[in-house]
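The chains carry the letters A, B, C and D, assigned in the order they are written, with residues numbered from 1 in each.
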């Protein structure tokens, strides 16, 4: 049901996106799209003292993906790298108010997390494991 | 279609709906309003029963066997071929090849028409073609170093005729859709076929959306190949048909190779079976081909002309209702006589997936995305659209439901 | 097959037969004795019901849509893929491609393995291969000016191992059948795969006859590709599967082109979808793929090991009974451990079709002809054979019926 | 039923084939096969005074095709060309005792007629029409 999917939290971030935009010279940038619906999300991050010091998202897509991206920037901001590593699908969905998304729309919600993780690993000189990538798409 | 010469009479929706068991179900507690018919249609009990009856009473492999089950199954299977022949008015059952869907039919047509293509030869398609009638041509063009030309769509969502004329110059093949699965545009297949033939090009017509909705007469149109999908016209999934003119199919190489499509296999060479079996390798989808006959019977009984009139009435209602919704843009012709009842639209800046999800919560099934027509999306300048498509069991109540649902979308997301 | 570690227990035929509605029917007034299982098997009510249930309750196109019906259909469809993966013990669902039958699966495998074949390269097949695993290779060899080698069959109806060893020298591909649909021979797929791999050849295994009858473990066998057909293992017509090792499928070109198998379509280029969808163009046979899960559940519940033991018992009985009939020659191994329950035979100078027709009058359905194995017929020196093939619902009563029927054939024609 | 298909007439011709063999120098010879079952039938004919003066068949195949071929040689023998032209499917089947052959086995019965007609037309410098050929296969 719409009320199940378009939770207050999602509608709030969708209508009033926080941290949308670009950083001046980000230390890491990642971008990906969901070929099924054309959602596009880009994440830009800066780190200092082992923490996320600045983060912005940009993109185009449905309410779910854009709200998820915006919400995620707030969750990540200020966290240590180890804390950010631990953010998974469940953490994300809880923060979105556990919407009932179904198998297709859940990909919209997860895309920003995959992009953010990709940017993090890029900064660390690592790359996303196939397992984690699968769990997010 | 050999349409009986009777006065058109309106469809009895109440009676029709009783034939479709799925229409009794609810979705999120609401009545199911199924408006995703361009993707696949629902099935009447008659089709479902034909499948059960086959498996319960005369399931058998066909053609090469002499026992009674095999004879019964073979007869029923070949009977569907005859019904398809009559439904699209082909000249002979030799011209009707069963495939697994329209996509396979189009791939076969692409192989049939290009086996002697030379580098530099021209293949023409249109901007409004479905990926299944675009990607095969694009890749064969690459493979054979042929030239692919894409005819423009006008601002009125029609094929640009002057562009068509010029691009057809010197073309070997013209592949186009009879009815667009996005815009709803019904192309003048007869006229375009005549033009293409005058220029010396073979014509492959994608009938995946036309065969379910309007009377089709391949001899009258004059096209060389015609593809359809059973699941888009009340039939089961897993069955498509390729019509091809007999002399062309005779000369064309086979496609899939293996059992049933051969005459004689030797260590160093193989000869092919007669038409149409030369193109049917391996065990066919016997049950579903047999059940497809029940779908064709259903459509024929209603009358394709009546169905078309019904859909034109629905078209008028949809165009009237949706025009009342602010910021709603429909991509497609405004004239109900020139279009089918499939409506691609966008609503303000709201993403198509959000529209589809909120409508789903209201029990309304529509589709959102690029509808396997990315070239057209690019042309329209949108990443995706919503799409509502109607069929013979849809009525004014469904149009109302869609309109109310779209107002709800606004409410939730504005 | 991940077989539960339980003691083998015999099949409860009486209970099993109740699941197959067709077994209640009579043929020419006699009980149906269905012995044409190598052509196609009968279907249990569970499979028939799964089809009706789908069409009556959640029929929808899959993958690209967000409405509830589409989600339910997509989940059920992908669930079958998981069941196929488990049934043959593949490593991932990425490795399971749905096709329309085993023949299409083998054609896809042939295209996958030969895209970079060079003139003079060697493809090896065997004399006992079905046309579906012979003609594709023969024609590709022609097209690419490659060399086709055909491994001999021994007097004991086995693959000639020393001939195999020598023909595999320098070969690029070895395609062979896991179980012969004529001789019943079960080839040592694991050993032959090892030999082929040592010689640097890819292995394509035709499992159309093995998957229904014996436990299959593709990782243990080590083959690169494996093909099966649902309709030969209680499932609906119109569904096949191609297993391919993930890294090979990743590198292989797609086969059919069109909707669903693409990622992005541009005017000048197209990129492909992820595995396995890259190989699934157009609308899939959704209903039948979903119903195939019910067939796999049925087989898994009985236990493939139990089924195999049952068929070995039947084998012994058939070999004993038929050996009593004068002038009856069986083409196939004598050891029930090395063969399946499919028996090709000839009876004196009587033509196979006459045998089949007279048995049909007794209610017994067998097949007669070349069984899509003309190379093998030539080798055996016969134009055709009769063939009786058994499955899980066949018992000793059916063996008796066959034996009595063959005496009747003698009576009528001698 | 077997009794329906293997009529006395068919069994008689099958067990005691008449006119099987070859002519010394036939004026017309035709041969065809039924790819589905491997039946092969050859017909050799001589004509004089506008009538069939000699006819032999040869072949390999099932009881139906071989009995049908043998029976047909007897029917045709001595008939005028115009009379032979008129022999069609119905005439043939009646002469075989109207067996209940079914869609597949009927091809076995018809093959000899197709071959005989082909030989006749060959002698006349004509060829079999697509309609007649279709009606016999």
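Going forward, contacts are C-beta pairs under 8 Å (C-beta built on N, C-alpha and C of every residue); 3 or more make two chains touch, one makes a residue touch a chain.
If you're wondering where the values come from, they're calculated on a predicted model, not measured in any experiment.
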| item | value |
| --- | --- |
| Selected pair, greater C-beta contact count between B-D and C-D | C-D |
| Centre-of-Cα separation between chain C and chain B, whole angstrom | 32 |
| Between chain C and chain D, centroid-to-centroid distance (C-alpha), Å | 39 |
| Geometric centre distance via CA averages, chain D-chain B, whole Å | 46 |
| Whole-Å separation of chain centres (CA-atom averages), chain A against chain D | 80 |
| Interface hub residues of chain A, defined as touching at least two other chains | 36, 105 |
| Multi-chain contact residues (two or more partners), chain B | 28, 64-66, 68, 70, 264, 353, 357, 368-369 |
| Pairs of chains satisfying the touch condition | A-B, A-C, B-C, B-D, C-D |
| For the chain A and chain C complex, residues of the former touching the latter | 35-36, 102-105 |
| In the complex with chain C, residue positions of chain B that touch it | 21-22, 25, 27-28, 32, 34, 36, 39-40, 42-43, 47-48, 51-52, 55-61, 64-70, 100-104, 106-107, 130-136, 138-139, 150, 229, 231, 236-240, 256-260, 262, 264-270, 281-288, 353, 356-357, 359-360, 364-369, 372, 374-375, 378 |
| Contact footprint of chain B on chain A as seen in their complex | 1-6, 11, 14, 36-38, 60-64, 105, 108 |
| Touching residues on chain B, where the partner in the complex is chain D | 63-66, 68, 70-71, 74-75, 263-264, 273 |
| Touching residues (chain side chain B, partner chain A) in the complex | 28, 350-354, 357-358, 361-362, 368-370, 383-384, 408, 412-413 |
